[in-house]
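Down below is the structure, laid out as structure tokens.
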Amino acid sequence: MIRLHSVDKSYGALKVLHGIEAEILEGETFAIIGPNGAGKTTLFKVMTGEVGCEAGTVEFLGKDVTKEPAYRRTRAGMGRTFQMARIFKEMTAEENIVVAIEARAKNMGQRDTPWYQVRPSRATVDEAGEILARLSLERKARIAAAQLSHGDKKRLELGITLAGRPKVLMLDEPTAGMSPSERVGVTELIRSISGKGSGLTVIMTEHDMGVIFGLADRIMVMNQGRKIAEGSIDDIRADPVVRDVYLGKEAHHA
Amino acid sequence: MFTLVNGLTTGMAVFLVAAGLTLVFGIMRILNFAHGAFFMIGAYVASSLVGSAPRSVLALVAAAVVAALVVGVLGIVVQRFVLRRIQHVDEHYMLIATFAVMLVCVGFVKLVWGLEFLSVDPPPGIDTGVDIFGLFVPSFSLFIIGSGIVVFLVLDFVIHRAWAGKMITAIARDGWMAELLGINVPAGIMAAVGGSFALAGLAGGLLLPNQTLSPALGDTFLLLAFITVVIGGLGNVRGAFIAAILLGLIDGLNTMFLPAYPGVAVYVGMVAFLLMWPNGILGESRL
Amino acid sequence: MNRTISGALLAVLAAALVLLPFWANSGLVFLAGTTMVVAVFALSWNLLFGYAGLASFGSGGLFSIGAYTMAVTLRGGYEGQFLLLIALSTAIGGAVAFAIGVVALRRSTGIFLAILTLALAELLRITLAKIHWLGAEDGIPSIVRPKASIGVATVDLAQGNHYYWFLCVACALLVALCWWIAHGRFGRTLRTIRLDTERAAFMGVDTHRYRLVAFTISGAIAACAGSLFAPWAQIVTPDIGNMMRSTQPILFTLLGGASSFWGPMIGAFLFSAIEFSTRTLVGIQEIITGGILLGVVLLFPTGVAGAWNALVARLADPYRAEAKAKATTLRPVKE
Amino acid sequence: MRLNRRHFLTTSAAGVGALAMPGILRAQQGEAVRIGLITTLSGPGQLYGNYIKDGCEIAVERLNAAGGVNGAKIELVVRDDKNSPEGAVTAFRELTGNGIKLFAQGTFTANLLGTLPLLEEADVTMVMVGASALALTHEAFNPRAFRLGFSSPMCFGGYGTLMAQKHPEIEKWATLRSDVTALADITNAFTKGLKAETEKAGRKVEVLDPVLVPYGGADFRNQISNIIGSGAPGLFNVLQGADAISYYKQARTFGLDEKFKVLCDSANEFAIAKAMGANTPASLWSWTGWYPAANKGNPVSDEVHKAYIKLRGDEYPNWYIGVSHDSILTIANAVAKAGSLDAAKLIPTIETETPQGALGKIQFRKEDHGFAGDLTYIRFGRDDKNANGWSVFETAQLPGAEFLEKATPGSKLN
């Protein structure tokens, strides 16, 4: 699905990614973990095209997309959320989904609204309703997005991303800043979206180990801009290097 | 060669005006349309103090300092009663507010000082010229260049070295955090804003013998100062200093090589600069 | 409720404008025509600012291009094809805006775009003032008001108030066009770009292209407004595109309220009303205009349209309006 | 601090009164003879607009004190043109809509070009106050408008002639002007006059290409250095207002007074001396449209001068005061003689009448309604003996009619 080959990235004199190699397979849920400053978010940005990289290549669906801008990768099937939910605050929840659906429809060449029509088409509104229902936001459809609770904002952002019908869903800390009960809810939501048979690939970064262990098929561990381990949950738990730099410390603290 | 010296003079004159403008942007994130008007008020205040023939350089500088104080207080009043009340709304309303303040200031100047032209002469001591390696240089030009450099050095020191600068920088970057650290944020902002506006008044006083006073004086410098501030990088005093010198030189070369199109090179140069360095020479700075 | 009151008011105002020549002084009629044109001009600017999030300080230049194109072609004797001339002016304005957009938009946005456009507009003004063929500083005077023919019907716009009514129709059409652009799918997408450019890009929106199109459309409409203005004022001078002209739509928009589609028009008419009612207080014009602007900004920080919406909402439903007003400072574009 | 409080208050009070009047409705004609004055009362041109307003108000006061026009009082309705043609057109249409048939308008050419095409439809008569642009009496000629102003070829051609007569020894002239086309005409007129007169005397004179400065600039030192470097002993300076004063100020350091034997300013007259006081250049020529001391023996001139001193406390009125006074006088006299406000009757009356004004006999050329008054040139400069630091050294007058350009109403002058 996505293949990274010896990716380097620096911000000025500070090198934040060192020769990252990774391959994410179709249909799996792939988690990137690591301490703060390990380079997870930067790696995310390189994959989605938000920032370029100095060396290495990014392949998506077998195509080299290293030079492609973010919107093209999105059109090709990437969809992402941000650590701090980014939604269109002045619009209602419904409008947020509608604009995302319309953007997708245009990109995919679906033209269901006649050119002279101002309002979104019936089909678009219906689809938005469906998505909001899946996110349990249907009762808040007419509320300005700015007024939603933190958890609802993150759900709405997920909805915007889903409206793009992505092939790979990239979630940057989907539960950051949530209460434990909200976390459970979101974990359930992600599982229902990406469950077996949906065919959806998920890449996520996350701090909460409970969420990771509940969702991920495979895990990549980063530290100081380097990949230090990759494998199943059990592999990672058993990895001595990971224990040292990451879990190890936690264990000592505990 | 004379073009170079004179370019430097023009540049420093513009820098004196632009310094306050870029600081206000650094602190409050607004392009202050009223800056030229404050400059003009500073000039008029100083001219009322020294009359048309100042007795000495000291008298001129003293008048400029008083003008700076007056304009600084005026700036604080504007900040307190206008800008602060709308700082949480949309930043563009700040723009319209400063535009309105500019109109009021111009109207005020017309009422108080009238429309007739006023002129102030260079004080004795800097009213002649000096010979530098066979090149005739008006000593008032040297006075302007010196003033510009002094103002720049003082500002640079205050911002980057002195405690006051660090405090202001902290407020500008993160007011909430600064408050947590025990800094009196409203007082800090007020002092910084007062200081920035005072710079406009100071420039008005110092440049007094350079040109003629009329209610249109503000416009003469406002656009040049805008250009300088933008080319230098918004909020960046060092950038403004460099940009002001460049501007002066470009204008000087303009009169030398394209005498038929005076004043055009500045615009062309600016368009070119913005296309090459869209963020200014030294980049934008939150002070 | 809200919409009904506002709509009714709009209809009444439009009717008053159309019927103006029957009861008002000819100076007021002229001012109303001028205001209609600059209101459309301000609307075109807000299409860029309120929807695409781009602030241009050089829109006066495009207005000027439209006006000069019209003046020159009318002087050249192409009066017969008046409607075609409007289209030509619009197209030229659009083309120039497109060319500037291609070069400028990729590299600079925000204040840099503002200053860049300002510099270009000033350059244009200086250049126009130097071209003798275009009358240099004194511009092109005595512009004729031509005959306009639509199919079989021909209207002589030079007669009486015909051109005024023509302006009413043309401006109404342009407002409708802007409304359609702003409220349709294109406008919605533009708004996402203003609200969060990156988020929009991650919906697969080519933000640069959308901005370029918006820049072009806005420029074309500004030039169209300019082309309508030339035969109205019957003179064009380089100052038609000076810095004051460029700041006009900004003032109108912010005064009226940038978050509302109708804001720029409200601002334009309000500003003209202020200027006209204080016309005899000569010599203190700046203080009056500045003072009133300050007052409006301090009292209604969301612009007059924002204040009006809040007022109507409160009348309609006092409780909900309160909650709404607290929750958002800048309200979404509605109507 | 020169705010004249009394004057300001009366202006405002009159303004408020006019506000209360339902001016936006179509008003009927009142009993007074109403004259609309459209001039620039905001922005950069306000200085001159204020002079025009003062001059017109003095005229109205004087005429009314003498009994008005055929027993009716004159009422001046003042409007600001907002420094733009559309502002002028708005004001013009408002006033014609209120039934005003008599107009005085002035400062900027473009604003006049905006209203001239409207005179026909509104059926009004206009005096263009102090206007100098050729277009107004040539390609944009309108038979309903009279130019009570000095055309560039007339006053600056005369200026060049005068200099050739006074200073035959100067063989090289430098010129300096703002980058404004209208000022190019002035420079050309001066050069033409200078060359023609010199050649007539069988001599030769060289006039250098003008040095250009941007309009509204702040620093002229580069240009000063250029001009002084040219080595010409004569300088004709066509900068305006604040620019000119800044120029003289900055040039002083470079030895302006020593480097040039003859300094000529185009038309800033006493504005320079009033601003610069004891630092005025040692000797400076300037053209003026009206200088009371040169018009001794003209009672109208003296009276207007006195009235202005009473109004503003300024002994050296700007020339616009005299010209604007005479503009109102011209209209009032024509109305009195014709006994009508009708343009058809007024126009021939103005064409033939020669009322005594502050400028002398006010007479218009019949073909193009151009004005050919006396041309006055003054030389003034620094004078330590005088309390204000400067005084007038000499005045010279030439008959304007000799220099008035050819009449080509309706087409451009070649």
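Read from first to last, the chains carry the letters A, B, C and D; within each, the first residue is number 1.
In this text, contacts are C-beta pairs under 8 Å (C-beta built on N, C-alpha and C of every residue); 3 or more make two chains touch, one makes a residue touch a chain.
If you want to know which protein each chain is, UniProt gives these names: A = Branched-chain amino acid ABC transporter ATPase; B = ABC branched chain amino acid transporter, inner membrane subunit; C = Branched-chain amino acid transport system permease protein.
Only a predicted model underlies this, so the values are computations on that prediction, with no experimental measurement involved.
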Notebook entry, point to check: In terms of CA centroid distance, which chain is the most far removed from chain D?
Noted result: A
Note to self: From the mean C-alpha coordinate of chain B to that of chain D, what's the distance rounded to whole Å?
What the structure shows: 36
Margin query: So the centre of each chain is just the mean of its C-alpha atoms; given that, what is the distance between chain A and chain B in Å?
Written below: 48
Margin query: Counting only Cα atoms for the centres, state how far chain A is from chain D in Å.
Written below: 74
Item checked: Whole-Å gap separating chain B and chain C, where each centre is the average of the chain's CA atoms -> 33
Checklist line | For chain C, residues contacting two or more additional chains | finding: 130, 283-286, 330
Margin query: If a residue has to touch 2 or more other chains to count, which residues of chain A qualify?
Written below: none
Notebook entry, point to check: Residue numbers in chain B touching 2 or more other chains?
Noted result: 110-111, 261, 263
Note to self: On the basis of the stated criterion, which chains touch which? Give every pair.
What the structure shows: A-C, B-C, B-D, C-D
Item checked: chain C contact footprint on chain B (complex, rising order) -> 31, 82, 85-86, 88-90, 92-93, 95-97, 99-108, 110-111, 223, 226-227, 230, 234, 261, 263-264, 267-268, 270-271, 274-275, 278-280
Next item on the list: Mind listing the chain D positions that touch chain B in their complex?
Entry: 1-3, 8, 44, 46-47, 50, 179, 211-214, 216-219, 221-223, 225-226, 241-243, 245-246, 249-250, 252-254, 271, 274-279
Check: Which bits of chain B are touching chain D when the two form their complex?
Finding: 2-3, 6, 9-10, 13, 48, 52-53, 110-119, 121-122, 127-129, 136, 138-141, 209-217, 219-221, 224, 251-252, 255-256, 259-263
Note to self: Taking the touch rule as given, give the residues of chain D at its contact with chain C in the complex, in rising order.
What the structure shows: 8, 11-12, 14-16, 18-19, 23-27, 41-42, 46, 50, 53, 78-80, 82, 84-86, 89-98, 109-110, 113-114, 116-118, 133, 135, 140, 179-182
Checklist line | chain A residues within the chain C interface of the complex | finding: 48, 50, 69-71, 74-75, 79-80, 82, 86-92, 95, 98-100, 102-104, 106-107, 113, 116-118, 120, 144, 146-147, 160-161, 163-164
